[in-house]
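In the two complexes that follow, chain A is the common piece, with chain B as its partner first and chain C second.
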Partner chain A sequence: MALPKHLQAGLTPDELTFIAEEDVIDIVPLFSMSRVRLLSGIYGPFTPPGRAQVPLWLALSLKRKRKCRIVAPEWLQVGEYVWEVLSQVERKDSKGLCELLSVSIGTIRFVSLHYFAEKLQVLLRNERDTVEGFQALPRHFIEISKVLLDVASDDLQQPGQLRSLLKDLRELRQAKTRTGMQSEGVMRGTHLDVTNMTPLELCEVKPFIIKAMGMMQSLEPEEEQD
Partner chain B sequence: MSFYGGDDGDGSARWGSSSRGGSAGPSNITGITAGTGSRPFLSRLEDSMAGSPPPNNYDGGGGYGGGGRHFDEEGVFSAEALSPGPEEGELDDLRRLGRVWVRERGTPDILAWEGDLIDSLLDKLEQQQKMLATLRADPATSEEEHFRLVLVQTEMERAKYLVRSYVRTRLHKIEKYSQHIGNSPELQAHLSGAELQHARRYADLVASHFQHSVLDSLPEWMRRTDEMTNDGVSMVSTPNVDTPVLVYCRKDCGEITVGRGELPVQLNEGTTHLVRYHLVKRWIELGWAEVL
Partner chain C sequence: MDNDYYSLTAILSENHKLPCTFALDVPGLGYLEGTDNDLRAGAKLELPMWLGQTLTLNDFVQFSPPAPFSRRVYAALKASAPSVRLSGFVGTGGWWYRFGTRIAHMWDNGGDELLQTLLKAFTGRLPPLHDLASHHASLDTTIECGSGTGEAFRDGMEADERDLFSIGQDSGKVVKAWYDTTWGRRERSR
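And now, the complex of A and B:
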């Protein structure tokens, strides 16, 4: 009828992606244009090689026309910390630092490479270490990473590795969700704390849980009658 | 209180991270702790930097956009990336409608019609449409301008989709509960004029259709469509306020009692819950709890 049946249970992943596309992201335009005034705000000016902040849908639409390069969000960048630390070391008081730590600059390079290698790897490790509960993710983490990998994979460093890390992370979280649902009391209760699960993950399980909860509820003996 | 289904006595299971205490400042909002061994190196590195002011401009303005990030936290996300976004009132019309739409989709009840928002958005859309038509028709419009028009149009389509989906969602609920709307002034106040008119006409149509096709040929005592059945279920379908909804708490919403003999649940800031609609209804209306 007014709302097709498959939309009645809640938001679909496509609709969540639609919402996520309102988030702003940095792009490096490959064309020059003055400001553009849209309903949601004024964006630009676009002057390569300067950056501009635009909504994700705009970035994707420009990207499809090969008119921009998308700057990956910090969590999709490989080893950005490395360059921060290194440039810090090179630019600033590197000698003093080396003396203080009594190591060579090479060691510092090695250590920083080692420790700050990959944000997603850190995230994955943390997710694995947290047995109870989930790591906090930006709200549209899954949607954004998916569309960026689909549309702008040439703007990401090592998209293949990113893809597999993201997949690992997602599977790890899904496994937690499944374990969580098996635990006793989840379906019997009337309340569930799902802190740090992202809306997309929640929408996956929501229809099932709601139905199960309702069913368990109707099977519970009515206490009021006593 | 143990989590992960450990004690099911209170009937409220919990998956969420329990480490988010009151002491956690915004800097370590991720709750991620540094791996073993990294801390000494990092803190020493940090110490050695302490003398060099100012601390935050190490990216030389070239801009990672991260702003005040420090080396001593191994958080993968900045607090900004994790924040749920600004309050609804601070958003532009389009993003606000996005929130309104998600909320309408996520709740079983019919929420108040956001007339002002829709009117203002439709006005803007109309203006854009006029401007678009004028510029399109004008041969003097430059190539650059044409490209800009494409972007404007893309956004207009997005806006129209949102408005359509919002109205359809409401229409679905209105048709479902049309009979109930007729005798609930509270719900009527939530509808726009056109919606109310539609609800009435729809209810009339359904009633007369049932009357002609079935009810007239039944015995008199079976013809009513608004009776209670023997087990206390009404024939008039009403929004089920017991349906669980997903809410994200933007503010501390205090305690709620989820059921008889169950421990009260704390709705702390930054947590997400699946909880019955009628228990959090007022927080949703206040905007303290955001429906996901």
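And now, the complex of A and C:
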């Protein structure tokens, strides 16, 4: 192929990020404007206290000009607030009120867990609990989280903790890739399980595993010999 | 592994000698042995792969597996595949797997066993290879690190494993570079 070597394997992380910028995200605009027609679609209206939905590239561009605040996606939030509520309720829960409150505590727990469902800590815990294979993440999870942390970290709550949680998540998944290399599928030269791996993670593994599988295939006994 | 007719790697990989025993007298070929006489049946010679292969297929000679594919190597691989140094087996940094495959395909009795051994050796060495590649990809090249246990393995890799290592290292490096740069910084500096 005529492509340079580093482009032959597939999309590069930069290209993947470019694609991820098409994803729609919520912003709170800091200017008012009626609907605007761009080549890729119609966006707006932008009315300051209300939210608007725009593609990520537009949100980032507006953010850089300080024209908007980006609303972090549900999965890029630290789920602290809900835990605080829970602990307050539990602190109030002294002897006499115990029975009275048990129902409400139950509902709050239920509500909070439900509300909690996509938060980053929960994703991390699920990843840890999913022993076999990977947990399903939003397709452009890694790209979007990195871009938002790079460009709009002041719009996220506790960016430092987000970074460390994301790093933990990445390391967990890398460890799974590593165990995957010793799985039965690879040992028999048939397959590596990449279900729910995001494209960005794939581009890290793909060139290696393709070459390895190719080598294994040539070590299989030839059948067409007879 | 491409074994295309025009593949330079395929040609280089079989640039080795094959120990052969002649099955019949050949007049006038004694110079191969270094004498002026005829070549007797039973004479042992190291023939180049391209010649040995053709002669074997026509039953003029019988070959015995070369040293890199002997019982001793099988046993060592069985004991611990990652700790065998494949790099020096077929010349320095030669293509041990490719050469082995060529031999296995012309070897009636031991071919299947050889292929199985090769495959087993490869799968046994794959996890440490992957570890090493990702380790080197994530390394900060500015920091000098001491040689760990992986380095011995790295020295023992044969040519195709080296390729695989550098492929894994490069793709890891690309991703690491992406993680390390701030997105859109180039845009803003324009």
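Keep this in mind: the second predicted complex is superposed on the first by the 175 of 226 C-alpha atoms of A that agree within 3 Å, B and C clash if a C-alpha of one lies under 4 Å from a C-alpha of the other, contacts with A are read in each partner's own complex, and residues count from 1 in each chain.
The criterion applied here is as follows: contacts are C-beta pairs under 8 Å (C-beta built on N, C-alpha and C of every residue); 3 or more make two chains touch, one makes a residue touch a chain.
Everything numeric here is computed off the predicted structure, so don't read it as measured data.
Shared-chain residue A:Arg178: touches chain C; no touch with chain B.
When the two structures are aligned on the shared chain, A:Trp75 is found in touch with chain B, with no touch to chain C.
In the superposition on chain A, contact of A:Leu219 is made with chain C only, not with chain B.
In the superposition on chain A, A:Phe208 makes contact with chain C only, not with chain B.
Of the two partner chains placed by the overlay, only chain B lies in contact with A:Gly133; chain C stays clear of it. Counting the residues of chain A touched by each of chain B and chain C gives the higher count for B. Shared-chain residue A:Val24: touches no atom of chain B or chain C. When the shared chain is aligned, chain B comes close enough to touch A:Pro199, but chain C does not.
Applying the stated contact rule after C-alpha superposition, one finds that A:Leu60 touches chain C and leaves chain B untouched.
When the two complexes are superposed on chain A, the residues of chain A that touch both chain B and chain C are 186, 189, 206, 214.
Chain B contributes residues 3-5, 7-8, 10-20, 29-33, 35, 38, 41-42, 44-45, 48-49, 51-52, 58-59, 63-66, 71, 74, 76-78, 81-82, 84-85, 92-95, 98, 102, 105-106, 121, 124-125, 128, 144, 147-148, 151-152, 154-156, 158-159, 161, 165, 168-169, 171-172, 175, 242-244, 246, 258-260, 262, 265, 270-276, 292 to its touches with chain A in the complex. Considering their complex, residues 6, 9, 12-14, 17, 60, 64, 146-147, 150-151, 174, 178, 181-182, 186-187, 189, 200, 203-208, 211-212, 214-216, 218-222, 225 of chain A touch chain C. Those residues of chain A that touch chain B in the complex are listed here as 1-3, 7-8, 10-11, 15, 18-19, 22, 26, 33-34, 36, 38-41, 51, 57-58, 61, 73-75, 80-81, 84-85, 87-88, 91-93, 96-97, 100-101, 111, 115, 119-120, 122-123, 125-126, 130, 132-139, 176-177, 180, 183-186, 188-197, 199, 202, 206, 209-210, 213-214, 217, 223.
Chain contact summary for the complex, chain C toward chain A: residues 1, 3, 97-98, 101, 105, 111-112, 115, 118-119, 122-123, 126-127, 130-131, 133-134, 160, 163-164, 167-168, 170-172, 174-175, 178-179, 182-184, 188.
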